[in-house]
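The letters A, B, C and D name the chains in turn, as written, and every chain counts its residues from 1.
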Amino acid sequence: MASEAHAETLALREQFDTAAQQKDVATLGMWIFLITEVMFFGGMFLAYTVYRSSYPNVFARASSSINVYYGALNTVVLICSSFTMVLAVRGAQLGKRITTIVFLGLTLFLGLVFLGVKAFEWGEKFHEHHVPGPGFHLAGVPPGLQGQAQLFFSLYFAMTGLHALHMVVGAGLVITMMWLTYKGRFTAEYMTPIDITGLYWHFVDIIWIFLFPLLYLVDRHMGK
Amino acid sequence: MGPLPLFPQEASSFAPDVDHLLYYLLAVAVFFTVGIFLTIFYFAIRYRRRSDKELPRFVHTGMTLEIVWSVIPFGLAMVMFTWGASIFFNEGRPPADAIPIYVVGKQWMWKLQHIEGQREIDELHIPVGRPVRLTMTSEDVIHSFYVPAFRTKEDVVPGRYSTTWFTPTKPGKYHLFCAEYCGTNHSRMIGWIYVMQPQDYQNWLNGGSASGSMADSGQKLFQSLACGNCHHPDGRGRCPSLVGLYGSDVLLSNGATVKADDSYIRESILQPDAQIVAGYQPIMPTFQGLVTEEGVVQLIEYVKSLGKPGPPVTATPQQVTAPHR
Amino acid sequence: MTQHIDSVKTYALVFIALVFLTLLTTAVAYVDLGPFSPVVALAIATAKMLLVALFFMHVRHSTQLTRLVVTGGLLWLAILIFLTLADFGTRGWLGVPGR
Amino acid sequence: MIRIELLTPNGHLFSSDTYNKLFTMHGVVMIFFFLIPSIPAVLGNFFLPLMIGARDLAFPRINLLSWYLLVIGGLFAIFAMLAGGVDTGWTFYTPYSTTYSNTWVIATALGIFVAGFSSILTGLNFIVTIHRMRAPGMTWFRMPLFVWAHYATSLIQVLGTPVLAVTLVLIFCERVFHIGIFDPALGGDPVLFQHLFWFYSHPAVYIMILPAMGVISELISVYSRKPIFGYSFVAFSSVAIAVLGFLVWGHHLFVSTQSFFAGMVFSFLSYFVAIPSAIKVFNWTATLYKGSISFETPMLYAFGFIGLFTIGGLTGLFLACLGIDVHVTDTYFVVAHFHYIMVGGAIMGYLGGLHYWWPKMTGRMYPEGWAKLSALVIFLGFNLTFFPQFILGYLGMPRRYHTYPSEFQVLHVLSTAGASVLAVGYIIPVIYFIWSLRYGAVASSNPWGATGLEWRTPSPPPVQNFEKIPVVTHDAYDYSTTIGEVIEVG
């Protein structure tokens, strides 16, 4: 979806009067799109809130079974990528092509690191039978409460899965931006697509900023 | 073709209340509908266009008018809200002396149990003039227990209990419908409610082929599942005694207190580790899949029959003050 | 719309703050704060969100309308969550199952 | 079809399964693929830019994309229908939809998901366009009320639809991967699904009705040649309906075992929506006062709309009222109520708007006599179909019943008879609209003497809408400026 939001070319499109109006419109459109994303994840945050408040102990236990180091590592990786992204946008604002491409490249690399760690972590879950389904089992949780533990992991996979999907889309956008920058399509005056890609990337980062404490850090002191 | 009924029977203590409220709402609705229709007709004819060059004078928006026609409907609506909510409040508070009936919904039938042990399918026999309280759950999807003549309806949700109650006021035979879409034969998940004179009801109870009361069945189940091996009545077993449990406040291991009601006992049987009684170990296995929903309610009745908590014996103060009509 | 270009130093400071808050929230999770655990965790996450939004996403320099869009969106999320909890949080107040 | 089946109590024509699939597809197709997109996609896309004096929407490509998405979503739904149908009802209540139904739930959910994206993008496009693309002089309070109504609609689309999307994703995951977020066997709560579902689906009703209200505001003004009485009240009431519409979804859950207190809160809030709706109806009526009223076809639809919407809206009060709702929810009362709003409201508005703007869109006039006849037939057929259902509902006839007790038969027969009349009423316009494309009289640029900017450009408009972007100097609905230009309709 988002890739359409910045599909304008350098030329001023016919429906606009000025370049400023065009940029303004594109940015506003992206922000509204991000709000729809907030509501999209909001539905899952709601489900999470309801079940966590219903089954606090099981959620603490289930959360403690996830490896906190992967989560923390990935959080830092994503923050780094946001940092490089903002520097890429800054480079574009200043019209520095090489800087922009280098930082976009770094962002892409960090994004892929994040996805790699995520994939590895999921692989472990499959190994440990922590994937919801008939084979699910979480050690340390009584048989009657396995279902509730499974709910936690259902939410874990749904939330991190959709987040990862957004990361993949983001990576695609960054690659496109690198290519367009390489082709010299942007100038210091016109770099709206990069700006908007940046917004999207930071938004995905923000979602993770919330997912990390909610999924990895539920009452760690109790789970031990 | 059948007759042309225009108004449903009134056969419970709620029905007149709901109908009176309906009359009020109807009056408001008819007043506004007729008023707006007539005004439109009048204006449309009075101010019809007479020439193509006609240009009506601009009429300024009247602030007072706008406020008046916002505030008056709001006032009328608040009456509706308060009135409706008070009926709803009564519908949510069954009196303590109500006859308990247990309902299990299942695709596509209603299974009902009396505490005396009678079981019925798609039929319910109840005496006139006594409040009846239904505790309901579902084995599969969401159903909804709907008796139009009583003006009551409540969803029956898998995994938990819901409650509804009514006092039948007129003997007769009334429709029972499932009102929440539940699959292929949703429209055949219907039955009859038989409201009987108290004496007839007593005869019916006695004449049935019940194999002992629900508490008895529950006790048998209790024994066959070997629950008594741990739950000693004297409280010296590995598990808490169940005597006097029902309706009491239970102190849990996490410091919280819960009231031992139907939902609590159901959860304790199916998910025993969810709430651990203070001073005991979480050793009880789950009985999920071993006991049917009907079995669970029999066990609940058995626990109930083991006595109520200390004085006041009959009811908690809150239940005594419950409106009972 | 005039462009504001922040300095690398600003971004770097924000970045350091973000990493610090990440470590802080991880550490705090091991401390027993009772019911305040989720409150603290969410407060830190919100602080991080504000840093990212204000600095990295340039909300600091954005138009009124953008800010309105952002606050409006968060308000709607709050409506969704709070009104639903108005149900889940008050179940059982009547002491009747299912009410 | 559904109505014919219900002629007899026992249902000989189809099996229960077929009936269940029919009403599900009826609901899904009508709501997600017709009512929600109808006015915004057809009339909104065309006229919104015209009315605010823009050359096009802010994101024409997104607009195109949203059209393709709607088509793709529709294909999924058609696939589901042909492959065997789906029988969950349009509400997809869990756990029936996730665990028990053996039909094509996934394909249908995917279709709705994709169509939902289409809806989101349309809303996004409209909001940005209205904020940033207005012609010089077109201030917020000079905008036609049609535009205000679309602005409010777009807010709902943008804020509500994503929640439906994620709900459908969870249903999808639950069926495909068996992760079970709403599965009571795991401790999940089916009522949570209902919350998420109605958070979107209640406001979705306003997605359908608000644009129709916008159309009606235009029609009433043009055919009585007067500015809308209380313009700012009507404008703000649209936004108020959109906002308040998000606070009341729980009134669908009064008997769903949601908590008693939540029921109280939601019932209380529900009454607040009644106020802006009432304001609109009163203001429309007051606009007629001392007007110069002509009875062209669109105006007949506008009258029909006000009447039916009044009935639909007032019966909504019954449903918001806790005591009554317990009795009538999930019965034919609800069915009648929402058909009064959606068919009596949204479709009357759509047809009114279609007739009103038909000359502008196609450059041709439709035959007035036939059009008036069909408007009358639709109004009568509609009432005959759905009014008996109010009575049926209060009698206790539950909805989604394939068979029913025989005492309800007379009213069902009336309703079915009405449905046949209604069907005739809908077929007539289809025929004469197609006819008019070729044989209709050529339309002038402003056949109705209307004031909107869309009438300041030739019929049909050129590609860039205006040869020169107009400068707006007057309030909306200032008829002193157009009255001299009125040209007789051929």
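The definition used in the following text is that a contact is a pair of C-beta atoms (placed from the backbone, for glycine too) under 8 Å apart; a residue touches a chain by one contact, two chains touch by 3 or more.
For clarity, every value in this text was computed on a predicted model and none was experimentally measured.
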Handout entry: Of B-D and A-D, whichever chain pair has more C-beta contact pairs
Key = B-D
Exercise for the section: State which chain is most central when centres are taken as means of Cα atoms. Expected result: D
Handout entry: Rounded Å distance between chain C and chain D, as computed from the means of their C-alpha atoms
Key = 36
Handout entry: Whole-Å gap between the CA centroids of chain A and chain C
Key = 15
Fill in the blank from the handout: Flagged in chain B as touching 2+ other chains are 92, 154, 157, 160, 162, 271
Practice task
Could you tell me which residues belong to chain D and also touch two or more other chains?
Solution key: 131, 159, 163, 185, 187-189, 191-192, 195, 199, 257, 260
Problem - Of all residues in chain A, the ones touching two or more other chains - result: 24, 28, 32, 35, 38-39, 42-43, 46, 50, 54-55, 145, 147-148
Practice task
Once you've mapped the touching chain pairs, tell me: line, ring, star, complete or other?
Solution key: complete
Practice task
Please give the residue numbers of chain D that touch chain C in the complex, ascending.
Solution key: 131, 159, 163, 191-192, 195, 199, 246-247, 249-250, 253, 257-262, 265-266
Completion exercise
chain C contacts chain D in the complex at 65, 73, 76, 79-80, 83-84, 86-94, 98-99
Handout entry: Residues of chain B defined as touching chain D within the complex
Key = 1-8, 17-18, 21-22, 25, 28-29, 32-33, 36-37, 39-40, 43-44, 47-50, 52-59, 61, 65-66, 69-70, 73-74, 77-78, 80-81, 83-89, 91-92, 107, 140-142, 144, 146, 148-149, 151-155, 157-160, 162, 175, 177-188, 190, 271
Fill in the blank from the handout: In the complex, chain D touches chain A at residues 54-62, 65, 117, 120-121, 124-125, 127-128, 131-133, 158-163, 165-167, 169-170, 173, 177-181, 183, 185-189, 192, 195-196, 199, 464
Practice task
Spell out the part of chain C that touches chain A in their complex, as residue ranges.
Solution key: 1, 3, 5-6, 8, 11-12, 14-15, 18-19, 22-23, 25-26, 29-32, 37-38, 41-42, 44-45, 48-49, 52-53, 55-57, 62-63, 65-66, 69-70, 72-74, 76-77, 80-81, 84-85, 88-89
